[in-house]
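Below, each structure is written out as C-alpha cells.
Each of the next two complexes has subunit A plus one more chain, namely subunit B in the first and subunit C in the second.
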Partner chain A sequence: MLFNSYAFIFAFLPVALMGYFTLNHFKQITMGKYWLVAASLYFYSYWNVKNLPLLLTSIVVNYFIGHYLHKNISWKKTLFQLGLVFNIGLLCFFKYAGLVGFAQIALPLGLSFYTLQQIGFLVDSYEGLAEEKSFLDYAVFVSFFPQLISGPIVHYQMMMPQIESAENKRFKLDQFSLGLFVFCIGLTKKVLISEAFATWAKPGFDEHTTLDFLLAWKTSLSYTFQLYFDFSGYTDMAIGIGHMFNVKLPHNFNSPFKSKSVIEFWSRWHMSLSQFINTYIFTPLVRAMPKINFRNTMIATFLAMFIAGVWHGAGWTFVVYGALHGAALVVNHIRKKKKKKFPGWLSWFITFNFINITFVIFRAKTLADAGKVLIGMMGLSGVVVPKLGIKSVGALKEYGFKMGSYLYPDDYFLIIMFLGTSWVLYKFRNTSELEKTFKPDTRIAIYCGIAFVFCLFGMNRITEFIYFNF
Partner chain B sequence: MSATDILADVSIIIKDVLELPDLVVTSTTSAEEVDEWDSMTHIQLISAIESKYKVRFALGELQSLKNVGDMVELIQKKLNK
Partner chain C sequence: MRFILAFALTATFLASALYGLILAVDPYNKFGHNLFGFETKAVDFARENKFNQVEHGKKDYTAFIMGSSSAHRYMTKELNRLTGLVSYNYSTQSATPEDYIAMTRHILTKYKPKLILISFGFEELSTQTKADDMFFSSPLKNYLEEVPAEELETNLFNNSYLTLEAIADSFKVIWVNLFGKALHAYLEDGDHIVEKRAKKLKVSQFGYANFEIDQKRMGYLKTLKELGTTHGFNVVVFTSPLSLEHLNKIINDPVLNASHQKFKSALVDVFGVVWDFQTPAIAPYNSTEYFMDSNHPNHHFSTMVLEEMFGANRIGFGKILKK
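Showing the complex of A and B:
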C-alpha cells in the first residue's frame, strides 16, 4: 500500500492508529504490539503477498541468531559470521543473480532496507549493545510499516525504548498534529512536486533517442528534483506517521542541494544510509587496515562509497555512480587536507552539477542511455532555440543553432515549477527544521488543508516511489 | 578518572587530530559544528582515543561519539567497567 493512496489515508492508517491506541488504552499492551505487527504485515502484503514469506523468514532467522548472540556461547563468532552470510547472501542473491546468468528475479519489496537494518542489529548484538527483547518486540522493530519499505534505516537501540515506553502508549494530540503536519509536507512533495518533474524527466531518458542541449538539461534537472522530492517526500510521510504512533524516526535529508562539497552532500542526503555505511562498512574496513593513515582511510572511503553505489542494484550504472562518488570523496578529502578551497558559490556550483550529472547515470537504465543524456547536456547533439518572438534570436541560426517551435504552456509551467521549488529550497526551512519549532495554529491548519485537498485530486494517478526499486 | 580530566585529555586529542590548535572544546562541541570533523577524521579520533585509554568502542557506539559530552561519558563508563 502506498502512503499516497486513498486506501492508505482514509482506511488503513485510521484503522491502524485507532486499533493500536484503543488496545493500549485498555492496557492490552501485548495485543497492541500484535496489532501493530499484523497491520504492518497487511500493509506489506497489499502489494504482493508472495514477498511475505521472505520477510517472515528474515525476521525469524535474525531473531534467533540475535537470541544466541546474547548468550555466552563458544561459537558466537561463527554464528555471527553465519548471520552476516545469511543476510548478505539474501541481498546478493536477489540483487545480483541476474548478473551471473540466473534468470533475473524481481527484487522483493523492501529487502534492501530490512536486511541492512537487521545486519545492524546482529552487529550490535554481537558487540553487546542491543539488549535482548521478545520475538514480538523484535517483529515490531523490523516490520513497523512507516519505515519497512524504504527506511529511514533505524537502530534497534533507538526504536525499542520508544516502543516500550509506557508514556508513548497513549494517544497524544500534539504528536498527532505534528505527524499530520509532516505527513502533509511529504504528501505535497510527492504528489504535487515530484510527480510533475517526473513527467518532464521520463521522456528524455526513456523515449527520445537524441537530446538537444535544452532538452537534455530539462531532463536531467527534472530528474534531480523528482528524485529529491520523491524520496524526501516519502521520508517525511514515514516520519509523520511515526509521530502519530509516538515513534521518532530519524531524518534522512537536510537540504542536500545546499551542500558545498561532496562530503557535505553525503551528510545531508539519505543520511540514515550514509550513517549505516559509515558505521558498519567504512569503520570495519579502516580497522581491518594494517595502519590507520590518510592513504588507507581514503581506500576505505572509496570502497565504502562504491558498495553504497552497487547496493542500489546490479546495473553498470550503479557501479559507475558509486565509483564516481567514491573518487569525488577522495578528491574532496585530499583538497580539504591541503586546506584548498574554492569560493563558496563556486564550491556549490561544482557540487550541484556533479550531483546532477551523477544522477543522470543513476537514473538511466543503461550506460548508453546515460551517455545520450550527458552528450546532449554538452551540446554535442545540437542546440534548438525556442521561438520567443525576438528578432535577434533569429540571427543565431547562422551559428548552427536550430530554431524550434514556440514554447508550450507546459514549458512555462516547468520554468515556474523549477524556479519556484528552487526558491523554496533556498529560502525556506526544511522539514526537520520546521518540526523543531512546530506549534499547531489556524494558519498552518489552513495551509495543510489546502495542500491536502490539492494532493487528493492529484492522487488519482498513483505512482510508486523511486526507492521501492532498491 | 573524573569527567573533567577526560575532557581535558580528549580536547587535546581532538585539537591534534583535527589540526586545529585554537579550537575551544567543551562538552557541547559536536562534529556538526566543526567542518574538519568529518567521517575521515572521526575514525582517526576514535582510534587515538582507543589507544590512549586502552578501550574499544563498539561500531554501534560510533555515531553517538560525535558529541564531546557523550564521548566523555562513554569513556568514563568504559573505564569504570
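Showing the complex of A and C:
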C-alpha cells in the first residue's frame, strides 16, 4: 500500500502504532518487535505477497552471515565475500538478467534498497562496527516499513539503538506531533505538487513524437520538479512515520536545487545513497588503488558515480546518466583544485541546467526518447510561439519559429505552479530545517490540517512513487 | 496534545464541510437531488433534459441527430427542410458510442425513426476516452445493456466525489447559479440556442494520445447499425468538422495521423459509408464565421454540413468514404 492511500493513513498506520506502543506499554518488548516486523511484512506483502519469500530469504541469509562474521573463524573474509556476492548477485539477477539473454523478471519491490542496507550492515559487521545477536532485532532493522521500500538507507548502528532505547518505547506526543507535521509536508509534496507536474511531464516523454522548444522545456522542468517532490515527499512521509515510532530517520534531501556545483548537488540529493556510495564504494575503490593520488581518486569518483547510475536500472539511459554525473564530478573537482570559480549565479545556472538535462536522460525510456526531448530543448524541432499579444513571428519563420495557439488555462496553472514552487524552494526552509525548529503550536496544526484534507481529496488517483521502480 | 487536537479538529471540520458541500450540491447529479434548486449543475445535465424531452415529446419525431457538443448546432428545422422528416437533436456533451446505442434503444421505445444522423469526434472511439460520468447518472444508462458495476453504485464514499475536482465543481455550481447564467439551454426539439460569433478561433485542447480502438464501442455501433436494419431506419454518420489548425496538429504528427486514419477506417468498417469533414478541404472555412472553436462548428457551418449531406447542390468539402 502507498503512504498516500486511505488504507494506510486510516487503517494500517493507526493499528501499527497502537499495537506497537500498547505492547511496549505492557512491557511486552519482544512482542512489540514481533508486532513491528509483522506489520512491516504485511505492509510489504500488500503489494505482492510473492515478493515476501525473497525478502525473508535475504534477511535470513544476511543475518547469519553477519552473525558469523563476529565469530573467530578462519574463513571470515571468504564468508564476507560470499555475502557480497549473494547480495550483489541478487541485485544483478533481477536488474540485469534481461541484458544477458534471460527473460527480464519484474524487480521485487524495495530490493535495491534493502539489499544496499544489508550490504552496509555486512561491511560494518566485517569491520567490527556493527553486530546483531538477535535475529528479531535484525529483522526489525531490515523490514522497518517506513524505509523498507525506498529508503532512506540507514546504518544499523544509527537505527537500532533508537529502537532499543527504553525511552523510545513509550508513545511520545511531541514526537508524534513532529511526525504528523513532517508527514503532512511529504503528503502535500506528493499528492498536490508532484502529481500536478507529472501530468505535464508525461505527454512530452511518452506521447509526443516531436517537441517544440517550449514544450520540451515544459516537459523537462516538469519532470525535474515531479521527481524531486515525489521522492522528497516520500522521504518526508517515511521520516514522519519514523518519528511517530520514535525513530529518527536520516533526511535524503537538503534543498538540492540550491546547489552551485555537482559536488554540492550530490551532498544535497538522495543523501543516504550518496553516503552509501561514498562509504561502501568510493572509499574501498580509492583504497584499492595502487597509489592514492588525485588522478586515481578521480577515477574512483567516476566509477562510483557510474555504478550509482547503473544501480537505477539496466538501460543505456542510466549508463549515460551515471557517466555524465561521474564526468561532471571529475570536472568539478579539477576546477576546484585549480581554484577556478564562476560567479555564484552562473554556477547555480549551470548546475541546475545540467541536473535538469541529465534528468531527461534519467526519465526517458530510451536514448532516442531522451534525444527527442533534448533536441526540442535546443530548439531544433522548431519554436512555437504562443499567441500572447503577437499575431505573427514575421521573419523568424525562416529560423523555425511558428505561431501557436493561445495558452490554455492549464498552461497558466503550470506557470503559476513553476513560479510558486520555485519561490518556495528557494525562499522557504526545507523539511529538515523546519523539523529542527518545529514547535507544536495551534497555527501549524491548523495549516497541517488544511493541507491534509486537500491531500485526502487529491489522493483519489492511481499513482506510484517514482523510486519504487529502482 | 494541543497540536494533535487542533490538527484533528481542523481536519475533521474541513473534511466534513467540504464533503458535505459536495454531497449537498451533488454537482454530477449522482444522487439525483437538487436541494438548493439550482437551475444548472456543474456539468450540465443535458442528458436528463433531453431524455425527458424525448420521453415526453409531443411531436412524432422521425429523425434524430446524435453526437457530442460538436453536434449541438445542427438545427432541426434545417434537417427537416432537407429531408422532409421531423427531427430532434439528441446530442449531449462528451457523448460516446455508449450514449448512441442507449439513445437509439430509448428512441425505439417511443418512435419509429427513419433516420439517425451521428456526428463522430476523433476521440470518441478511443480506449483513452472514458464514457462521461453523467451518462451513468442519467436514465440513459438503463438502455445500455452492460453497465459497469462500480457505475451503478452510489454511496457516500463515491470516489468521484472525494476529489479536488468535485470541490471545484461544487463551488462552480454555486457561483454560476448565483452570479452567472446557464450556458447551455435547450430549446424545443433539442436545438441549441444561437450564440454570438466567437472573437477568436481558439484551438481546443485535445487528447488523442495512445489511440486504440475500443472494441466494445465498435460492438455498440454494430448493434446500432443492426437495429437500423431491423427497424428500418437509415444510419448516416459523419466525422465532426475540425478547424484547419486543429486538423493540421493531427495530420502533421505521424502517430496521430495514423490513429486518425484508423478512426475513419473503423467507422467505414461498421457503417459502410461515412461523410468525412475532417480533411484539408475545410481550409476555406477556417474562421469564426464557421466555427465557435476548433472542434465546434457554429450554426451556419452546421447547416452547410447538412446541405452537403442532404442537399441537392453539394459544395464538395465533405468527402465520402466507402468500403
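Heads up, the rule we're going with is that the second predicted complex is superposed on the first by the 459 of 470 C-alpha atoms of A that agree within 3 Å, B and C clash if a C-alpha of one lies under 4 Å from a C-alpha of the other, contacts with A are read in each partner's own complex, and residues count from 1 in each chain.
Here is the rule we use: contacts are C-beta pairs under 8 Å (C-beta built on N, C-alpha and C of every residue); 3 or more make two chains touch, one makes a residue touch a chain.
Predicted model only: the values in this text are computed from it and were never measured.
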(request) Check subunit A with both subunit B and subunit C modelled on it and let me know: fit or clash. (result) fit
(request) Give one of first, second, both or neither to describe whether A:Ala445 is in contact with subunit B, with subunit C, with both, or with none. (result) second
(message) Which partner chains sit in contact with A:Asp410 here, subunit B, subunit C, both or neither? Use first/second/both/neither.
(response) second
(message) For A:Leu173, using the defined touch cut-off, is the partner it touches subunit B, subunit C, both, or neither? Pick first, second, both or neither.
(response) second
(request) Considering only touches as defined above, state whether A:Val453 meets subunit B (first), subunit C (second), both or neither. (result) second
(request) Report for A:Thr283: first if it touches subunit B alone, second if subunit C alone, otherwise both or neither. (result) first
(request) Using the touch definition from the top, say if A:Glu207 reaches subunit B (first), subunit C (second), both or neither. (result) second
(message) Using the superposed model, give me the angle at subunit A's CA centre between the CA centres of subunit B and subunit C, as a multiple of 10 °.
(response) 160
(request) Determine the nearest approach in Å between the Cα atoms of subunit B and those of subunit C after overlaying the two structures. (result) 34
(request) Would you mind writing out the residues of subunit A in touch with subunit C in their complex? (result) 173, 176-177, 180-181, 203, 206-210, 405-406, 408, 410, 440-442, 444-446, 448-450, 452-454, 456-460
(message) Quick check: in the complex, which residue numbers of subunit C touch subunit A?
(response) 1-11, 14-15, 18, 159-160, 162-164, 166-167, 200, 202-203, 205, 209-210, 245, 253-255
(request) Would you pull the subunit B residues touching subunit A in the complex into a rising list? (result) 36, 38-40, 43-44, 46-47, 58-63
(request) Provide the residue numbers of subunit A that touch subunit B in the complex, in ascending order. (result) 120, 123-124, 127-130, 155, 157, 263, 267, 275, 278-280, 282-284, 286-287, 292, 297-298, 301, 333, 336
